[in-house]
């Protein structure tokens, strides 16, 4: 259960419905996922967040699949169940193979381990990494 | 200051020195960074960790630069100062451009934001993300 | 499922039951929520925690609703599902409006984003913030 | 040391300098803090972030000081040294008294403790918190 | 639901099945828990992880029960629901009493609180702790 | 630099000074570390925290050294630099050997890795772990 109502096209504001429509058009699907139905309670934040997401996650120096995988990495480290599920689904839809998923997880696991070790040992940053 | 001594080639064990040598050979540099000098206090864990790192971070379905960027993403989310510095330096050495760095940061920032929002709203995972 | 038994008024110790009673009297409700039924397994920690909670969350320089909202913010950042739910319910009971909730979430989301960006860029603290 | 250059008014782009100017005008000070000088490396993200910050942190159902205190709470839980310093300074500038600061810290500490306990015991969310 | 298939003895690779068998032999039970059935999708990481776990969690300067309790502490702080459950079960199987569990939780809760307070106050590390 | 003044015996309140004295008597040293000098700004929270610490960290089903090591584990996972340093020093003072420290770090690193993997794969908790 959410701490906030998941709004439908019937009870969301026109501003929120316009974002629903843009999500549908951008993704070429009728489905609007629960995150946005929850976000619809605050149309201003919803709009800012969706606009930003479209800008950030599109093609650039990094391709969209790579960005989804980075998104998964952050979501895992932050322990966000919803985001791990939704972005793993997005990455799969964008072509992440089982091999790529396995390598992503291996890097995430290794990084988590060395993050913990570096913190436990309070390793000082090498001067050469500071330039 | 570290919570553990940073070992030199003089006071590390032969097993740890062998890892130092392999680090030098693999990276083609004489420099061994502080993390490994701290890890040298426990040669068994050091060896397991270094062997794993060579296996995980090498070429595969994801290229090494991509893996470094995923490593940065995890390290940022885990708040590991040392790892953020060392892997940003590694990524730069592997060709991360300023544009790629900017896009990486934009994805990390956006993910952190939506992770927090999804957690705050306790959004239930859509059935379609579960298959 | 909890990793520990949720104790009832029948199987909790007298010390734990005394806390149950004080919770009921303080909140003016018969209901004792699951957190305290789990905490009842260790009456000493339960008592210390409940006494502290009464002292900390009462009126002061900050009003109780404001404190609940700060509690939500911490719970979100720590990814505690139980606490996000229970303190969102508490805040609502203390008068948090939909607008206040929306603003709280907007601040939490923004802070999470800039926390990540500041960590990723390892921004040095300005001298003027240190005094 | 940052992982990115802190840009001055001389080497930042015109778009970034326009944000510097807006920061100065909004805060009525000549000083632009390090976070924004680091963000200036990516003018698009910088602009989006600053625009959002102005919108979110201004007066509303919650007053600006309250928002700064929520920001501190999130920054502490996320372990962001820079943000803890900068937002504690901002809150002080907006009138946070020593008593308010003490109460803020007491709530943060208590929440961190019960977050950990609820997670350790995996307390199931009460049905009544789900509506 | 997992983001990856939980493999059975029928559809896992021979390499993964060999780890299943070693898990059964080591633990003297027929049961293989879900974590390893998920890990079986990447036999190389699975093998490295299982080998490391056998090495790290066995007897040494710290006894295996103590190690399980440290594992729980880390898992709680990282907010990993699965690991809190599985390692609490393991610790119980290795003889953790209700008193030991209560003391473990008390330490975890106290540490979480003072971690937050030290971070909020940005307490500088005492010189004497650095040697 | 702290976000709060580190109080001396001269400018702390009598209530805070009484805690300073109890710290000295309990630890049999003249030295009062920075955490308590910062906490002295809020004598009520300081007293509650110190009383709790004496109660929790003393001998019980777990010995004091074991508790210090659990404290380190939590502090590492929470990324608290101050607490990692101070409790590593405390553990050393209570007899933690280099071997014990190495084993502690190995468990912390392994747990961090499997926490991340379990979260990334969203492994469902086995029924048998729920009883």
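Just so it is clear, A, B, C, D, E and F label the chains in written order, and each chain counts residues from 1 on its own.
The definition used in the following text is that a contact is a pair of C-beta atoms (placed from the backbone, for glycine too) under 8 Å apart; a residue touches a chain by one contact, two chains touch by 3 or more.
Since we're looking at a predicted model, the values are computed, not measured.
**Q** With one step meaning two chains touch, work out the least steps from chain A to chain D.
**A** Minimal hop count between chain A and chain D: 1.
**Q** Same interface as A-E shows up in which of A-C, A-D or D-E, over half of contact pairs matched?
**A** Duplicate interface of A-E: A-C.
**Q** If chain A and chain C share one sequence, what is the angle of the rotation that overlays their CA atoms, in steps of 5 degrees?
**A** When the C-alpha atoms are superposed, chain A turns by 120 degrees onto chain C.
**Q** Can you compute the centre-to-centre distance for chain C and chain E, using the mean CA position of each chain? Integer Å is fine.
**A** Comparing mean C-alpha positions, chain E is 27 Å from chain C.
**Q** Suppose each chain is reduced to the average of its Cα coordinates; what separation in Å results between chain C and chain F?
**A** 21
**Q** Where in chain A do residues touch two or more other chains at once?
**A** 1, 3-4, 44-45, 49, 52, 56, 74, 76-81, 84-85, 88, 102, 104-106, 108-117, 119-122, 125, 130
**Q** With touch defined as at the start, can you tell me which chain A residues reach chain E in the complex?
**A** 79, 84-85, 88, 98, 101-102, 105-106, 109, 116
**Q** Can you check the complex and tell me which residues of chain B touch chain E?
**A** 1, 44-45, 48, 52, 55-56, 125, 130-131
**Q** Could you please specify the touching residues of chain F with respect to chain D in the complex?
**A** Residues in contact with chain D: 1, 3-4, 41-42, 44-45, 49, 74, 78-80.
**Q** So in the complex, which bits of chain C are touching chain B?
**A** Residues 72, 76-77, 79, 81, 84-85, 104-105, 108-117, 119-122.
**Q** Please give the residue numbers of chain F that touch chain E in the complex, ascending.
**A** Touch residues, chain F against chain E: 1-4, 6, 31, 33-35, 38-39, 45, 49, 52-53, 56-57, 60-62, 66-67, 69-71, 73-78, 80-83, 85-89, 97, 99-100, 102-104, 106-108, 110-126, 128-130.
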